[in-house]
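Following this line, the structures themselves.
Both complexes below contain subunit A, partnered by subunit B and then by subunit C.
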Partner chain A sequence: MITLYDYELSGNCYKLRLLMSILGIEYKTAPVDFYPGREHKSEWFLKLNPLGQIPVIDDDGLVLRDAQAILIYLAAKYDPSGTWYPRGNPALLGKISQWLSFADGITATASAARLHDGLFYALDIDAARAGAHRLFRILDEHLWFGEREDRDWICSAPSPTIADIACFPYVMLSEEGGIPRQDYPAIRRWCDRVKRIKGFTVMSGVFPAGPA
Partner chain B sequence: MTETGCKDPVILNLWHPIAAVAETAPGRVADTVLLEERLGFAIDDAGNAAVWRSRPGLATGDRVEPLEVRDTLPAKLAYGYLWTSLGSPEEIFPIPEFAEPDRRRLNAATIGVNVSAPRAIENFLDMGHFPYVHTDILGAEPHTEVKEYDVEISIERDEILATRCRFFQPMASTTSSGGADVDYIYRVPHPYCSVLYKSSPVDEKRLDVIAVFLQPIDQEHIHAHMMLCVLDEENEDKVIKRFQQTIFGQDKPILENQFPKRLPLDPRAETPIRADKSAIAYRRWLSQKGVTYGVIPALG
Partner chain C sequence: MQQERTRTRWHPIAASHDLPPRHVFHAQLWGREFAVWRADDGYVNVWENRCLHRGVRLSIGINDGRELKCQYHGWRYANRTAGCTYIPAHPADAPARTITNRTYPAVERYGLVWSCEQPEGEVPGVPGLEREAPLALRGIPVNAPAALVVTALRAHRFQPNGRIDGSDAEMVVKAADDFSVALSARADGAATLAIFFVQPVDSGRSVIRGVLDRDPGAEARNAVLRHHNAGLSVLRDNVERQAAARPAPAPIEPVYERVPAALAELPEPSAHGRKAALRVTVARKWEAADGIAGFELRPLKGLLPTFQPGAHIDVHLPNGAIRQYSIVNGPGESDRYVIGVKREADSKGGSLCLHETVREGDVLAISEPRNNFPLRRDAVKTLLVAGGIGATPLIAMAQALHHQRLVHSFHYFAQNEAQLAFGDRLDGLKDTLVPHLGLTPQETGGRLRDILSGYAEGMHVYLCGPGPMLEAARAIAGECGWPDEAVHFEYFKNTRAIDDSSAFEIALARSCLTLKVPAGRSILEVMREAGVDMPSSCEQGACGTCMATVIEGEPDHQDVYLNDAEKRAGTKIMTCVSRAKSARLVLDV
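Entry: the complex of A and B
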């Protein structure tokens, strides 16, 4: 059984809960008092992940850190349809990796802004917000051109991939960091499509899709 | 923000929370903002505290003896938090249950929210949103009706009291074993603080106490300090905190999307329904007190 070292308000933990909900994977939650307790910097947690970051999973002794790495593992191991991380399609795998990296950029900007506003992290808030807008503009254009060619998802595949799951949470939570999305209509439509994926689940701050 | 500084004497003369004691490094200078004023503060291991208007020479992180700081503001430790005032405060409101030795007393979290304090208090008083915002925790469809309850403004204690509140909750607390009708009592003993009492799943004669103490940064930004004082011998602190943070995290986007951000006190400004009885009393009470900070005062 998978144990997820988890903090409810973390978008990076949420992306794992989201994929596991969609794939119907059962797991146990080990709560980490990320805030205010800073338990991810505690001695026992640093043994699990010397980087002092959540999430971490333990799947029968296999300990993995890094949200994007864990998405790859979960999809490769537990998705019988093989569509979330299509191992036989090198071009698509390359694109997925590219967007997983992009998701890390969203974490470094939009998530950082949210940590600043909500949990008082000391950082350059203007730079974080400007960085997030730069990435959102790129993502919005990518999705907008995708819609012109009937591509609903971030990567060119008929169904969503882990790239969508990786990018979704901190886009969706961006307003908590003072980053509105009204200028990104294609992002808004894509968020709505993600919310309609079978097995979709919410976290605090993310609401389900309205009636179609 | 066009205005600078708080000129509201009612608010200036109140005690305001500025930090959770549990989250303050002892003997070190920390800083925060209250009513648009930058403040420094420190607490030592013995529970001595000092608060002052920020000034050169006392930098964040510096070692400091609170008892040796001169030119300080009023300071008080209460309910797990450090409180201060920019005016001349009276006694802080009582929460007698806080002294009961078998309770778990925790700061669930202090979270920054882009909203006025009165809007956040009003949301805290509202039961109508439970099934929609806290789905499957504090409410669930089809149990959406807010049944008749009583609200009074206690002249003698100068606080609002809402009693006989009752709501079906699928998971009222970390100790719940299933859905139950839960009794609620709300107190608003301070324009920016509210104390909620709700049925304890482990002792039918007693009530869990959950309070929000709001630190006004400016008229449209707060730090929400969430105090828990609950009966729970089963769960680790972090599990109890997580439960409360989950709920608050669900409220946060709702609060931040309120428009206008300040609470309108004119009775004609927003149309209330029965469920809003306590909100109506709260708005009237703020008007009667003459509060102007964080609200849009009624004309005339």
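Entry: the complex of A and C
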């Protein structure tokens, strides 16, 4: 059984809840009091992840940190359709990895801005927001041309991949960091599509879409 | 002033491709935000981006194809009119018609969606774009004032279609004004005209919306789009650098019209008399079933007022008669009202006149819709039980429940299949429609008992049909344990003989008037004579429009609108037919 070390308001933890909900994977959560308890910096947690970051999973003794790494593991192990992380397609795997690290860039900017606004983290808020806008411009352009090339998702595959899951949460929560998405209409349409994936689940600040 | 002049100018606020089905686009012009959405019938709605309830942005709401639903407390607004159709916190009430969001015009042209705050005239035609299928480019948002963007665009360079690999096009500025630049590019005999419209989003933000005079065709299209996207992105980066070096202009603060808090929370207090405020044309008249004529009524001008399922209109007939008909429309079907009229053998000139004299193209006077039969959306399960022509309000309800995917079943009693009305609408309701055909009154009773057994808390039933069937259904519902407040019904006429022999006094508490009601006159008539404006519709105690609150005294109920519990409570009275058992009634009028 998978245990997710989880904080309800964390978009990185939500990535994993989202994929597990879509794939119908059973798991239990071990809540980490990230704020205000700072439990991710506690002695017991640093033994699980010396970086002092959530999320972490423990799957029957296999302990993994980093949301993107965990998405790869979950999809590779638990997705019988093989579409979320298509192991036999090197070009696509390369692209997926490229966007997984892009997703970590979104965490470093949009999520940081949200921690500043919501949880009072001291950081350069203007730089965080400008960084997020730079990434959103790239993503919006990529998705806008995708719409013209019959590509609904971040990677060129007929169905979504873990790249979509990795990018979605902190894009969707960006307003909480003072980053509006008004200038990114193709991103807004892609968000609707992600919300319509069967098995989609929400978190605080993410609203469901209506029927297509 | 610049501000004033520009409020009357049309600007593109989106591209047509920004409005796929079931999506809400977030637009902005001169600081004012819009929620822009295309309904399933193709209509483009441009609305103030604020829910009338708590001001939440509607651009994060849900476009269900017919209505826009606010994410917060679920207020629903209708396609076209932006009138509120449902307030979950008041599930039993019909929202006041005054709860209507502000709308702005929308015109689609050249692949763009145009709007304007205070339009004077139509969207101007753009020379050069009228000939062939133009191609809208990807919109480029720029963090810079429109004037700066326009200046940069005058020196912009691109390659004509078919020559995008070169870099030597001959550029000519064909036309330019404060918010647009027309450029032509020529190279090796190829020429492309591009018009770049600059949408002033706010004082310091713009969107470049380019349109090419000609779509190069599927093969070349994406390469052309990428060519322009790349060029405009470079232009954007340059303009943004310039803008960043200057002091940022203060953002524009648009003025919002506020809805008075009381209004936003409450259903409409009172409409006025039997007024025929609207003129409609009969756009279509057809056989909606055996013996039932369907009428499609379209406005002579402007939009029809918002309706909700269960609502009816008064139709003022050419022969002077006034009749009530339920609106059959589904949600969001806001460009017309559809009604069904049964040819009644004993019709006092109402249905016969509609059937025989009124033709397509005729103009009719109708009232605004009124809803005395509102549909709750918070039931765990809803039963709709219709008899004959009583199906009309229930067809409207069934379509709303179906569209919102709420659990319901629709029992429709009729003599035979040919008498089931509005077959085209019923086709869409197949999953929940249960026709009951050709039953005797005894069999009908038995069937009603089957349908109404199994009441559970949270269920609601809506009944409409001929008097005897309604009486039977209400009695059976009572025996099956349905509480009065879960049984909703609408009679289309009051067949009880009205006893108007009593004489009594009424005191109108708010109007400070005491009036005598003699035998043979109704409370409504007496009040109207005294100049008290009271709404009414059927004037026979069936529709509920003329209801007043009783503060003191014992009413003599003669209507079929109130249920038994409401009658016993004695706090409401239908002023058109009911009277007093006590010598005096004090009314909250």
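Note that the second predicted complex is superposed on the first by the 210 of 212 C-alpha atoms of A that agree within 3 Å, B and C clash if a C-alpha of one lies under 4 Å from a C-alpha of the other, contacts with A are read in each partner's own complex, and residues count from 1 in each chain.
By definition in this document, a contact is a pair of C-beta atoms (placed from the backbone, for glycine too) under 8 Å apart; a residue touches a chain by one contact, two chains touch by 3 or more.
Keep in mind it's a predicted model, so treat the numbers as computed, not measured.
Q: Using the touch definition from the top, say if A:Asp117 reaches subunit B (first), subunit C (second), both or neither.
A: In the superposition, A:Asp117 touches subunit B alone.
Q: With both complexes overlaid on chain A, does A:Gln182 touch subunit B (first), subunit C (second), both or neither?
A: second
Q: Looking at A:Ala108, would you say it contacts subunit B, subunit C, both, or neither? Reply first, second, both or neither.
A: neither
Q: Contacts for A:Gly37 in the overlay, against subunit B (first) and subunit C (second): which applies, first, second, both or neither?
A: After superposing on A, A:Gly37 lies in contact with subunit B but is clear of subunit C.
Q: Does subunit B (first) or subunit C (second) touch A:Leu64, or do both, or does neither?
A: So A:Leu64 meets neither subunit B nor subunit C here.
Q: For A:Leu23 in the superposed arrangement: first (subunit B), second (subunit C), both or neither?
A: neither
Q: Regarding the shared-chain residue A:Trp144, is it in contact with subunit B (first), subunit C (second), both, or neither?
A: second
Q: Check whether A:Gly205 is in contact with subunit B, with subunit C, with both or with neither, and answer first, second, both or neither.
A: After superposition on chain A, A:Gly205 lies in contact with subunit B alone.
Q: Quick check on my understanding: which residues of subunit A belong to both its subunit B contact set and its subunit C contact set?
A: On subunit A, the residues that contact subunit B in one structure and subunit C in the other are 207.
Q: Residue numbers of subunit B touching subunit A in their complex, please.
A: 20, 22-23, 107, 109-114, 236-239, 241-242, 245-250, 252-253, 256-257
Q: Considering the complex alone, what residue numbers of subunit A touch subunit C?
A: Spelled out, the residues of subunit A in touch with subunit C are 141, 144-145, 147-149, 181-183, 185, 188-189, 192, 207, 209-212.
Q: How about subunit C: which of its residues touch subunit A in the complex?
A: Subunit C reaches subunit A through residues 14, 17-18, 20-23, 25-26, 28, 60, 62-64, 69, 71, 138-139, 141, 207, 221-222, 225-226, 229, 233, 405.
Q: Along subunit A, where are the residues that touch subunit B in the complex?
A: For this pair, the touching residues of subunit A are 7-9, 31-33, 35-37, 39, 117-120, 175-176, 178, 203-205, 207.
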